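Which chain is which? They are A, B, C and D, in the order written, and residues in each are numbered from 1.
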Amino acid sequence: MSDSLVARLSPTDYEQVAQLVLPAPIYGWIASGADDGQSLTDNVAAFRRWRLNAKVLVDVRNVDISTTVCGTKVDFPVLVAPMGIQKAAHPEGEMGTAAGVTATGSLFVEAINATTSMEDLAAKYPGMAWWIQLYNWDDRKALEGIIKRAEAAGCSGIVPLVNTTADVSHTPARVGYRLPAGVKFAHFESSPGLDFGLTEEYIEWMAKLTSLPIIPKGIVRGDDALRAVNAGARGIMISNHGGRQLSHEVSTLDALPGVVAAVGKKVDVIVDGGVRHPSDVLIALALGAKAVTVGRPVAYGLAVGGGEGVTRVLDWFKTGVRDEAMLCGITNINDLPPDLVVRM
Amino acid sequence: MSDSLVARLSPTDYEQVAQLVLPAPIYGWIASGADDGQSLTDNVAAFRRWRLNAKVLVDVRNVDISTTVCGTKVDFPVLVAPMGIQKAAHPEGEMGTAAGVTATGSLFVEAINATTSMEDLAAKYPGMAWWIQLYNWDDRKALEGIIKRAEAAGCSGIVPLVNTTADVSHTPARVGYRLPAGVKFAHFESSPGLDFGLTEEYIEWMAKLTSLPIIPKGIVRGDDALRAVNAGARGIMISNHGGRQLSHEVSTLDALPGVVAAVGKKVDVIVDGGVRHPSDVLIALALGAKAVTVGRPVAYGLAVGGGEGVTRVLDWFKTGVRDEAMLCGITNINDLPPDLVVRM
Amino acid sequence: MSDSLVARLSPTDYEQVAQLVLPAPIYGWIASGADDGQSLTDNVAAFRRWRLNAKVLVDVRNVDISTTVCGTKVDFPVLVAPMGIQKAAHPEGEMGTAAGVTATGSLFVEAINATTSMEDLAAKYPGMAWWIQLYNWDDRKALEGIIKRAEAAGCSGIVPLVNTTADVSHTPARVGYRLPAGVKFAHFESSPGLDFGLTEEYIEWMAKLTSLPIIPKGIVRGDDALRAVNAGARGIMISNHGGRQLSHEVSTLDALPGVVAAVGKKVDVIVDGGVRHPSDVLIALALGAKAVTVGRPVAYGLAVGGGEGVTRVLDWFKTGVRDEAMLCGITNINDLPPDLVVRM
Amino acid sequence: MSDSLVARLSPTDYEQVAQLVLPAPIYGWIASGADDGQSLTDNVAAFRRWRLNAKVLVDVRNVDISTTVCGTKVDFPVLVAPMGIQKAAHPEGEMGTAAGVTATGSLFVEAINATTSMEDLAAKYPGMAWWIQLYNWDDRKALEGIIKRAEAAGCSGIVPLVNTTADVSHTPARVGYRLPAGVKFAHFESSPGLDFGLTEEYIEWMAKLTSLPIIPKGIVRGDDALRAVNAGARGIMISNHGGRQLSHEVSTLDALPGVVAAVGKKVDVIVDGGVRHPSDVLIALALGAKAVTVGRPVAYGLAVGGGEGVTRVLDWFKTGVRDEAMLCGITNINDLPPDLVVRM
């Protein structure tokens, strides 16, 4: 693997190469954000307002960066964000991503809009940690069916989107995105409509249906997080949909302190959006997150090198988190001193 | 309509196309601001310092974005700002703008410097909501004549400019703007001079003259707003003349909280200037405005596509306001939670 | 005059044209600042952090923008900063500047390094208001001689530099500036050395020597301003030498509030540096200054059009100050409401 | 010397010329920072947030800019930061740097990764002030050997790195840096491994081993600084390794107030990183530092002109510090008024 072009490139350069190998509509669909892209920019920029206050003269010969997120063990606190239609990025599709997740000990949040079924993934990678992301379909029976399939296939977490409550397409028309020919959804023939009437009842209904932890995705407010927890959620995934939906929504890192203040230590909080550097992981954890997700960087890794590309992206994060923990005098990623970060 | 080039373009791209189809002096006259353009830039930039703190797990199947502004009902809280000489932008002129206003249920603030008379507009679009904007002429009889004509034609609001108190031309000489050949003012042969001696008496005089609500335009200070209300104003249109007059004036959104604090719930406050996104509407309303106006975006829509262009611009705002309200968990646009917005 | 190219250009474009007509070393010498130019940039940028909170519904038919600065009457509160060797910019040199000052009713601060003598200026423009700027020569007799000449010639203010206390040349070597051939200093054959041992005694000595008001130039601290006033100064000219000396000195507008707080209403405070717009004048006055100086804009006016150019620059400021005062509801430039400005 | 090209260039232009004369991998290795270069940029930018509040009317005919840093006398408070492999920049290597240090009365922090031995330097420049920088080798005997050699050679300070606690290479792979052919390390045949188990014990061990002052380098936190001092350190060198190690670490100037607050006047604090102007020296000292180091500017001086280039760089700082002290009314560099600087 180390002689391949994929390996000779730095993962930080994958986006640039992805733009060269992907059809423009596919790249545009991955890279773009809603409207003027402000939320997308904000997610990244929010991390850049924090700096690490590195601690020295600490014995860091043994550093543990593994953790448990909503009950699932991972080798490092970086999960793969749910992204649909991964075969549009590379023929390996979700199988490639699963290869990278397995190789590095990450966690795969499989999208309901996947082009490879959860059963096929679980069969090929039986040891892989994975969760399933759901849309707020207006067909509860269909949702129940998916949840039961996930349980049977070995899923360890349910991630219902709770912020997809309008008929919006994030993608500017000029991107020209269409589902590539020959690519099919793996979990349904045709997608049910969406239910814009979601309330806490939705979480309660789901919590009664399954013993798997429910981690709603798409929350940015503390009051909403607390309502979700009181309704049965066992984790909160802070997300503005990767800046793809509401063009001037608060960034996810800026939303983190309010959510942590509201739910305290009751449940794990995950930050989705804007993570581009290993230091971003330390910053989010120092501010109270249990883990983060990465989306676009993984998509570019998949586009450039299939499973090998995803592996290299995730390994770059994993190695970076460990090295930066050592440089910061941290021996356990679950126990960050509150003053590790300073705001600019 | 949907196959036309106008329809295939995004309204967010209209300015770019307008610059291609308009003579340079006309485009320059529309696009430019006073001096170094700081106030023009500020108006837009002020909105970019706020973010939406979207609420989820709210039933948004029924969302009402209609409202009443200074007594006039509109289908969504976005009005068309007064802009003179619209035939310079497109042969349809004010008739095109009226077509768009009527099609979307907005409100047309007709400029006294219009190139189509209010009577002609009202005859062609009898159901359209409209107000008339006045200059501070030094001929009160002439002003009275206009107001009486407006009343007779079905106008529902009077918008006297109160900040045009010096002989300044915003337009840099190098723009080279001149009234296009064949274009004539519809409401007067030659414009009276301006009165630079305006005081509260001006509002009082006007309030005695008509029972229509008076909404002075060009106020940025709370104390001025309160004086105007005490003199009989029934609305306040915060404006720095689109950044076309005083080069380093406070931006209109930054002025909003002070005006709202001064006049409270006594009258409706409207923000004029800088609105470019549907989220800007939500931001202004969350900070206390009842509605906003849009100027340049409508002018570019008119330039590109006449009535069809204006319709598409206004519909883009209307659809966007509704969708973003749903994504923010808002069911009634008149009842925004104070914490909907956060300052960066 | 109005058909000349000088008149057809906007004064805001003079710098661009000056760069075309001046030899590069002369333009570089005028335009550059010390080291990386930070102080020069800062002087201008400091004004851009303030906005005008315009007042309306005020009768502004009669507006007075004249004032008295350290005892000298001017038609508007904008003085010409001391700049040496003006014949390097244009053959008319200081005579051109004096023409503009006289035509507009400004005040000329003549530099001791002038290329036209104060006596010649006073003879040609007997009604012109003017002060003389001094260096801290180490030859008190020579200084006394200059002061006596100034008194005899009708000078109404003495402006001793107090911040030229090291052998520094602001001009980067690569600018290549040299005194142009044929240009001579008008007030001395060869300049005395400088005295780096200045204390309050310098002001006291000078105050005993002359009854003219002493306005030390080069102060940015409140404590220094107060010491100077206690030693006999009757005005303070806040200056960092146009950003030409200390590369990261506090900007003059940022220094203004501290100086005003220290000296209160005892003496007039003048801001030198960064004034580029009429609104800058209002901003400085609202923050406590009695007047401002303009330097580089006048030099560019001189370079482009001699006396005609200077006249147009000063008139642009004068007209702008009057118009913006009217737009802000100000009837007397000496009586600005404290809340006229808001900080960004 | 003054006719040479080296002398005709300004030291502020040396980086530009160094990029022309150095092989790209060498320039890249000197100029680059870790990851996206944020820490490198931050170090410089932190100084730009402070301005000098210059004092006037002070007798500055006699100004003393000499000081004593951790017991070593220097003619001005600017030291040369430890940089390895200087023969990569210029054939003169460390000998060139020593020539400049000697000529200006600075202090040379010799890197353990030097390509000229400390004994050779001391023999050639017997009067030069110098310290030795150490890596945290996992071979204490080898470390002890170096320290004893340093003592014997006339060293006056030991600078152990305490922040090199992970196997990271700052240099992006695409820089392509390799040790130039024919260049050899002077202090060892092959470098021992590093010890990632450092604690205060490391300082205590070293303090018992030598009577030379120990100045640990790589500290940014007040608590770490205090622990180091309690363990025997007699100085603190605040450093983030020139932004070459942890990509989003706090800048060194931003770290200064916290370190000064923690260790008070017990030991001297030195700021390493971001110093590019004479004013930066005054800023750091006003905020509590006793001295600063300069790294890259010296490396560029060496690359461009060997010893002559280093001399000119250091002399530019020395002259600048003295001139700016005079312009700020400072007569003793060790006694800066706390209000000399203001934050933007």
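Convention: a residue touches a chain if its C-beta (ideal position, glycine included) is under 8 Å from a C-beta of that chain, and two chains touch if they have at least 3 such contacts.
Treat the numbers as computed from the prediction; the structure is a model and nothing was measured.
S.K.: Copies chain A, chain B: same or different interface, half of numbers shared as the threshold?
M.R.: Both copies touch with mostly different residues.
S.K.: Need the CA-centroid distance for the pair chain B / chain D, whole Å please.
M.R.: Using C-alpha averages as centres, the distance is 60 Å.
S.K.: Provide the C-alpha centroid distance between chain C and chain D, rounded to the nearest whole angstrom.
M.R.: Centre separation, chain C to chain D: 42 Å.
S.K.: Where does chain C touch two or more other chains at once, residue-wise?
M.R.: Counting only residues that touch two or more other chains, chain C contributes none.
S.K.: For this assembly, give the contact graph shape among line, ring, star, complete and other.
M.R.: ring
S.K.: On the basis of the stated criterion, which chains touch which? Give every pair.
M.R.: Every pair of chains meeting the touch criterion: A-B, A-D, B-C, C-D.
S.K.: Please give the residue numbers of chain C that touch chain B in the complex, ascending.
M.R.: Touching chain B: residues 10, 12, 48, 50-61, 277-279, 283, 322-324, 326-329, 339, 342 of chain C.
S.K.: Over in the complex, which chain A residues touch chain B? Could you list them?
M.R.: Chain A reaches chain B through residues 35-36, 38, 42, 162-163, 165-168, 172-174, 196-200, 202-203, 218-221, 223-224, 227-228, 240, 245-251, 254-255.
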